[in-house]
Every structure is written in C-alpha cells, then in structure tokens.
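Each of the next two complexes has subunit A plus one more chain, namely subunit B in the first and subunit C in the second.
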Partner chain A sequence: MTFAACALAVARKDLLTEWRSREVLPALAQFVLLALVVTLFAFDLDAASAARIAPGVLWLVVLFAGLVAFGRAFAAEKVQASLEALLLTPAGPVAIFAGKALAAAAVLLACEAVLVPGIGVFLGVGLPPLAVAAVLLSTAGMAALGCLFSALAVQTRARELLLPVLALPIWIPFVVYGAAALTGRAPQALANLLALDILVVVVAGLAARFVLDD
Partner chain B sequence: MKPAIEARGLTQRFGRQLVLLDIDLQVAAGERVALLGDNGAGKTTLLRLLATVARPAAGELRLLGLDAVRQRSALRSRLGWLAHEPGLYPALSARENLEFFCTLHGLPRGRAVECLEQLGLTDDALRPAAELSRGRRQRLALARTLLHDPELWLLDEPDSSLDAAGRDLLGRLVSGRTLVFATHDRGLADELDARVVELRAGRVLDRGALQVVR
Partner chain C sequence: MTRGVGGGKGFARPAQGGSPPISTRLRVAVLGSLLAFAAAAYMDFVFAPEDSLQGPVQRIFYLHVSSAIAAYACFALVLIGGILYLRREDPRPDRLARAAAPVGLLLTSVTFVMGMIWAKPIWNWDPSKTWDARLSSTAVLWAVYAGYILVRRFAPPGRTAARLAAVVGIVGFVDVPVVHFSVLWWRTLHPQPVIETGALPASMLAAWLVTLLAVLLLTGTLVATRYVTERNRELAEARRDRHELVRLESAAEVP
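Presenting the complex of A and B:
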C-alpha cells in the first residue's frame, strides 16, 4: 500500500464522516458570517477604512476557524477510540497524519470559500487573486502545523486550551507574510509563504511519527 | 518453535503509580490465554503493552520473535488488537468501516464483505455503525480485527455485549489461533479452552497449572 493511497484513504474517510455528520462545517460557516456581521457593527466603516481592516479581519477569521478545523482532526479519533486501530495498520503514522491534515485543510478551504466572497459582500472589499493565493498557501502550512499540535494536544487533558497556546504563536509568520501579500508586496510574500510551507510540511512530517507513535 | 509471546520483568507506571510489576509471561504459538482479575488488576495495561500501543517502563517483550519496542513497525500488521471500546466510525456504514481498514492493510475490498459474512453482519452491511446495537458493533470490531488475518490476537473483553450466538461465533473465530484476552468471566476462559493467568494489583498470581509464576 503506497503512502499516497493511505493518506488519501484517511482524508476521504474524514471528509465523508464530516459530510454525513455535519459537525464542523455548518458551525464554521456560521462563525465566518457572524464574524463579518460583528465587524460591520463594531467599526464605523467607510470605503477607505474597510479596505484597511479587511486583511486583519481575513486573517483573524482564518486563524480561529483553523483552530476549530484542526482541533477536530485527532479529537474525533480520540473520542471514538479509533486511533489505536489506525496506528496498528501498516499505513504508518506519517501517512495517517498527512491524510488528516489534508482533510482538515479541505474543511478550512471550504470556510475560506465563504469568507473571501463574504468580505466582498459585507465590507465591500474585493481581494485580488494574489491575496487569495496567499490564503491558500497559508492554509497548507497552517494545516501541517495545526494537525501536528492537534495530535499532541489530544493526548492531554486540556486539549482545547493547549492547541491555541501551541498553534497561534507558530502561525504568526503565516499572518505576517499573508498580510504582506494583501498590501502590495505580493510576489515576495508568496515566495516566502511557499518556502515556509515546504519547511513546516517537512518538519511536521518528521515530527508526526514521534508524536503519534510514542 | 519460538513462543508467540515472551515477556520478562514487564513493569508499567502511570506517573508514580505502579500498575504492573515484574510480569513474566510466555505464550506458545496456537495457545489461548485468558487474563483474569478484578478491576484495576492490570489486565488492560498488560494487553496494551502486548499490542504495542503502549511502551513498558521496564522489562523485555518479544512478540512473534521480534522485539516489541525496537521492531514495533514490523510487528504491528501481524497483531490483531481489539480494545475495550469498539473504535468504529459511527457515520460510516459497517461495510465502509471495514473497507477503510482494507485499504490501509492493502487488502482487496472484497475482504470486507467476507468478514461481514463471517461475523453474521451481512444484513447490517449498509447501516451506519452508529445505528447498530452494542453487540453488533462488537461483532463489527471483531470483523475488523479479522480482516488481515493476524498471527497474534489480543482482545480486551471480547465477549462484551455479545449474546449467546455472538459468543459461539467468537469461539469459532479464535479456534486454532494464538490469543490473549482479558475477561472477568471464567466461563469464557473455559469455553475458549484458554489457560488462565490471574492478575492481582499488577502482579501475576501462581495458579498451579500456569507456565508462568512469580
């Protein structure tokens, strides 16, 4: 069984489970819309100020939606007591980790598909294609790190608390480069995000074996 | 012929609490062993060590001729582990649950149908695991353990929630296999023609006919 086939099987299983149970996606979509509505009422917005705060709103919502999406990745396996059965297959912990990160990234992408047009509708700010590319690149790296910390946090009692404490500081570079992509330095920011993605995917892949297996 | 299990001085701690102390156990290939004992005697902890889902604090453990700590990856697909909780995916049907594990084991999907039939679950194949009774879920978890035809079976209270027909089925399923299982029911040990190893407060008691006394 190849690494890719195992990872895809795990991702497919997680997405099928989410599609049928609808535990996370509707709640996250609702969160995205509510965050935009609250922004609309919390700030005295005109066209210029809306354009200035839009990047901040975008990244705040992506970060907090990411915490929910990635936090569920391993929590569900823990609740169902199915993680041990998974780890006893020849698939290997890294393939299982990759599959779960893929599925969680897909859930976050679905939220972003609501968020990006939502910013246009609620704040009247259209995001340029390069900014959307920055969001997509950030999602990949955030998924790798978020799922790694989710696997770590799920083994502790205070997992809901531990994940934000671990993940948010490490996600800051994605916000820095992502925000830069929205403020006119897009090509360099995208290159930095790509490099960061490669680094965190490799590191998370190497660490996943130890986190899941020990 | 090498024994299927050779454990010497197995010790396990949870923090400062000693839950297993200096356990010696030898199980021959084809032998069935029942771990008996009160709640908290250490049955599940010992089974988890044998299933390689936990590491011993001290001692040596060889399974199927391999070191259970250093050669864990090579061992895992040769073990059949059924935890106390069935560990199924509630949103997936019985067949989908097994097909998912077939993929991870590199087995054809048809094997899932064979195992469902063997456990008398053909009529439940398309029902979500969440809708199955506790006894049917236990049968499904046994079917998952059977999928890859493991050389060494490690079952934690396998008769949990099984009716009389289910217990008969369990007997036929493990006939001729190397099996270690935890139970509170001495009758099950007799039914499965198993050698009894009694644990008390993390130690193996001398039961006369046992090969292992300490």
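Presenting the complex of A and C:
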C-alpha cells in the first residue's frame, strides 16, 4: 500500500468509527453551542459590539473545540490499546499519523460548520467571509500540530492536561494571521496562513515518527 | 550541593586522572561568574554614559538584551540536544537539553521583568492599554518551554521522556521565529535593534559586551551545574536499582 492509501484507510477507519458510534461530533456540536450561550452572557452585547467580537469568539471556540477533537483522536486508541496494533501493521507511523490528523481535521471542519452559522444565530451578525476563510485555512495546520501533541500527551501521565499547554502557544501564529486577515491586508495574511500550513504539516510529519515510534 | 560531585564518597566512579574534580571546576566557574558580574555592574552603572533621552532607566538595556540572547542560546541547546538524542539515543545530549531548558526559562523571565521595568517610564506602560508584539511573542516563548518542562515531568521517565521532550523542543524552536515574525508583522512598539546596526556608542557597546560575557558565563555555569546534578541523580538511581536487584536475587536464593 502506498503512503496515501494507508493514510486514507486510517482516516476512513476513524471516521467510520465516529459515524457508527456518534460519540464525538454530537458532544462537540453541543460544546460549540454552549460556548456561544456563554458568550451571550459573558459579553455586554449590542449591535456594534457583536460585530466587533464575533471573529474573536469564532477563534476562541475553534481553538477549544480543536483541543477536544484532537485530544480524542489518540485518547480512544490509547484506552483500547489499539495504537500498538495499528503500529504493528506494515503501514508506517507517519502514514498512520497523517490518517488520524486527516480524520481529526474533518471532525473539526464539521464543528466549524455548526459554529459559523451558530455565531450568526446567537450573536445576530454575519461573520466576515475573510474570517471564515482564515479559520478554514488554519484547520489543516492546527490539526497537524494538535494531533502531534495529542499523540505525545496520551503517552504521559497528564494526558488531557498537557495538550492545551503544548498546543495553544504553538497555535498562536494561526490566530495572529487570522486576525490580520480582517485588517485590510487579507491577501498577504491568507498567503501567510497557507505558508504556515505547509510548514507545520512538514514539521509535524517529520516529528510524528519519533512520537509514535517507541 | 556540589559536595561529593567529583568522584567523591557517594559514587563509585573511576578516578579522573590529572584534571581537578568537577566540583572544583564548578566552584571556579561560579567565582568567575561573580567577578564578571561585578565587572558588568561597574561597566553598566559607572563606566557607561547616561542616555540623554531616557536617563538612567536605559541602563536596563545591558542586562535585558544579554539575558534575551542567553535565553535563546539555552533554547538552541535544547534544540541541538533534542536532535542529537533522536539521532543516536545518546543520554548525554538529552541531559544537556534537560539542563538547559529551565535555565532558558529563568533567563526569559529576567528579560521579561527587565523589559517591564524599562517600559513603565518609557511607554508609560499599562499592559491593558499598550499591546506589544515582542512582549506577546516572548510570552509564547515562555509558554512553549514551560510546556517542555511539563512534558519532562509527566512523561514516563527514561527513553520516553527524552524522546517526547526532544520533539517538543524541536517543534517549539521552529515555532518561536514564526511567532516572532508573525507578531512583528502585526504591529509593535518595541525598539528596533541598535547593536548590529552600529547605532550604539562605543562606550555603551563595551559595557554591553562585558554584561553579555558575564551573563553567558553564568548561564554556562548554571547549565553545567544542572548537567552534573542530573548525571549524579541518574547514577544514584542506577545504583539504587542495582542494589534492589541484588537484594531481590539474594532473597530469591533463600528457600
């Protein structure tokens, strides 16, 4: 099997498991909507302020939903000790990692599909299309780094505790460029996001071997 | 703490030939760092002229920039140690990375505090009103290496901890310049570099160089001390495990 075939097979396995058990997505969708309900109470909202804080709310909820989604990606394998079985197959560790990251990115995308209209409904404002484009563009890079740290965190005693501590600081550049996309320098900010995606996918791909290979 | 370090009573180690024991060398390094810091204090507070615009608070610059450079040097050691460990699973580069990370974190904190003290009069600084890119990117740097130390603490000790920490050290080091340039691109208040552009007067440059030397010397001493401490801890643990094994074996022989 080629690298791509292995990765796709792992991604298909993860998404099929999710489809059959329907565990993560309903909980994540509920988490996203609850985060928006909290926003309604936590901020002093009116027509002007809602439009201003909406992109910030989008980023905050995506980051935290990402932590939950990527944390689950490897936690389930660890609980059932199936990661070792996966690693025993002829598929390389990097292909397995790529497949899991792909599936986790798809889960986060589904989350964003709830979040973006949700912000419109709850906050009463449409999001700037550039903010949505920036979040969609960041999903790939965030998934690569998030799954790398998720695979790392499940091997430690702290598990869920360690993932946010590691992933959030490393994700900051996505938020910086995402916010910059709304300041009139959109083409360059989006180009930088794309470049960042490529950089972190390569780095995570190189590092994955050492995280998974025991 | 340095007692018994250099082949002393505590550890059965081969004699070190002609060179003085490590404890003596570390004491010399500590003494050298103290002297260098005294010289740096003289250079910074007496020799260097007062800045005509900023007044005495400009003197913070010498320690601020020096500790920032030393912090980056420590994180470079974490990176190099991580790469070498992943290449050949040698415990020594891993120990070096383990020794350098907390020292780098300490130096980043020093850079932070110095910068904040400087910013208070110069920017009339109020963090809630004055956002600065360097401050934010340094906060990220701090968080990355605090995470590195947490990984070391929570991972199963030994090979797993070394492997996982090496990955965090490498990915973190790649991310730091990205964060740095991304926020600079955003907007900043932080002064632009003065040293490599030659904007710094010669007397100030001399004071800064002496301070940099003192800080680097202290950094090297701290990293070396931690390295020796970590090695002794490993030796002690190996010794304890060996004793335990012998005890178990002799217990097993009794019918």
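Operating definition for what follows: the second predicted complex is superposed on the first by the 210 of 214 C-alpha atoms of A that agree within 3 Å, B and C clash if a C-alpha of one lies under 4 Å from a C-alpha of the other, contacts with A are read in each partner's own complex, and residues count from 1 in each chain.
Everything that follows uses one rule, which is that a residue touches a chain if its C-beta (ideal position, glycine included) is under 8 Å from a C-beta of that chain, and two chains touch if they have at least 3 such contacts.
Please read these numbers as outputs of a predicted model, since none were measured by experiment.
S.K.: Which term applies to subunit B and subunit C once both are placed on subunit A by superposition, clash or fit?
M.R.: Aligned on subunit A, subunit B and subunit C fit with no clash.
S.K.: Could you tell me if A:A81 is touching subunit B, subunit C, both of them or neither one (first, second, both, neither)?
M.R.: The first partner, subunit B, only.
S.K.: Classify the contacts of A:T156 with the two partner chains as first (subunit B alone), second (subunit C alone), both, or neither.
M.R.: second
S.K.: Identify the partner contact of A:V211: answer first if only subunit B is touched, second if only subunit C is, both if each is, neither if none is.
M.R.: A:V211: touches subunit C, not subunit B.
S.K.: What is the contact status of A:T17 with respect to subunit B (first) and subunit C (second): first, second, both, or neither?
M.R.: So A:T17 only meets subunit B here.
S.K.: Is A:V203 touching the first partner subunit B, the second partner subunit C, both, or neither of them?
M.R.: second
S.K.: Where does A:P90 make contact in the superposed view: on subunit B (first), on subunit C (second), on both, or on neither?
M.R.: first
S.K.: Classify the contacts of A:A42 with the two partner chains as first (subunit B alone), second (subunit C alone), both, or neither.
M.R.: neither
S.K.: Using only CA atoms and the superposition described at the top, report the least gap between subunit B and subunit C in Å.
M.R.: Superposed model gives a least subunit B-subunit C C-alpha distance of 5 Å.
S.K.: Same subunit A residues contacting subunit B and subunit C, which ones?
M.R.: Dual-contact residues (subunit A): 214.
S.K.: Which subunit B residues qualify as touching subunit A in the complex?
M.R.: 51-53, 55, 72-73, 76-77, 79, 81, 83, 85-92, 96, 100-101, 103-106, 128, 144
S.K.: Hey, which residues of subunit A end up touching subunit B in the complex?
M.R.: My answer: residues 1, 5-6, 9-10, 13, 16-17, 20-21, 80-92, 213-214.
S.K.: What part of subunit C is in contact with subunit A in the complex they form?
M.R.: Against subunit A, subunit C makes touches at 86, 140, 143-144, 146-147, 150-151, 154-156, 160, 163-164, 166-168, 170-172, 174-175, 178-179, 182-183, 185-186.
S.K.: Mind listing the subunit A positions that touch subunit C in their complex?
M.R.: Those residues of subunit A that touch subunit C are 145, 148, 152, 155-158, 161-162, 165-166, 168-170, 172-173, 176-177, 179-180, 192, 196, 199, 203-204, 207, 210-211, 214.
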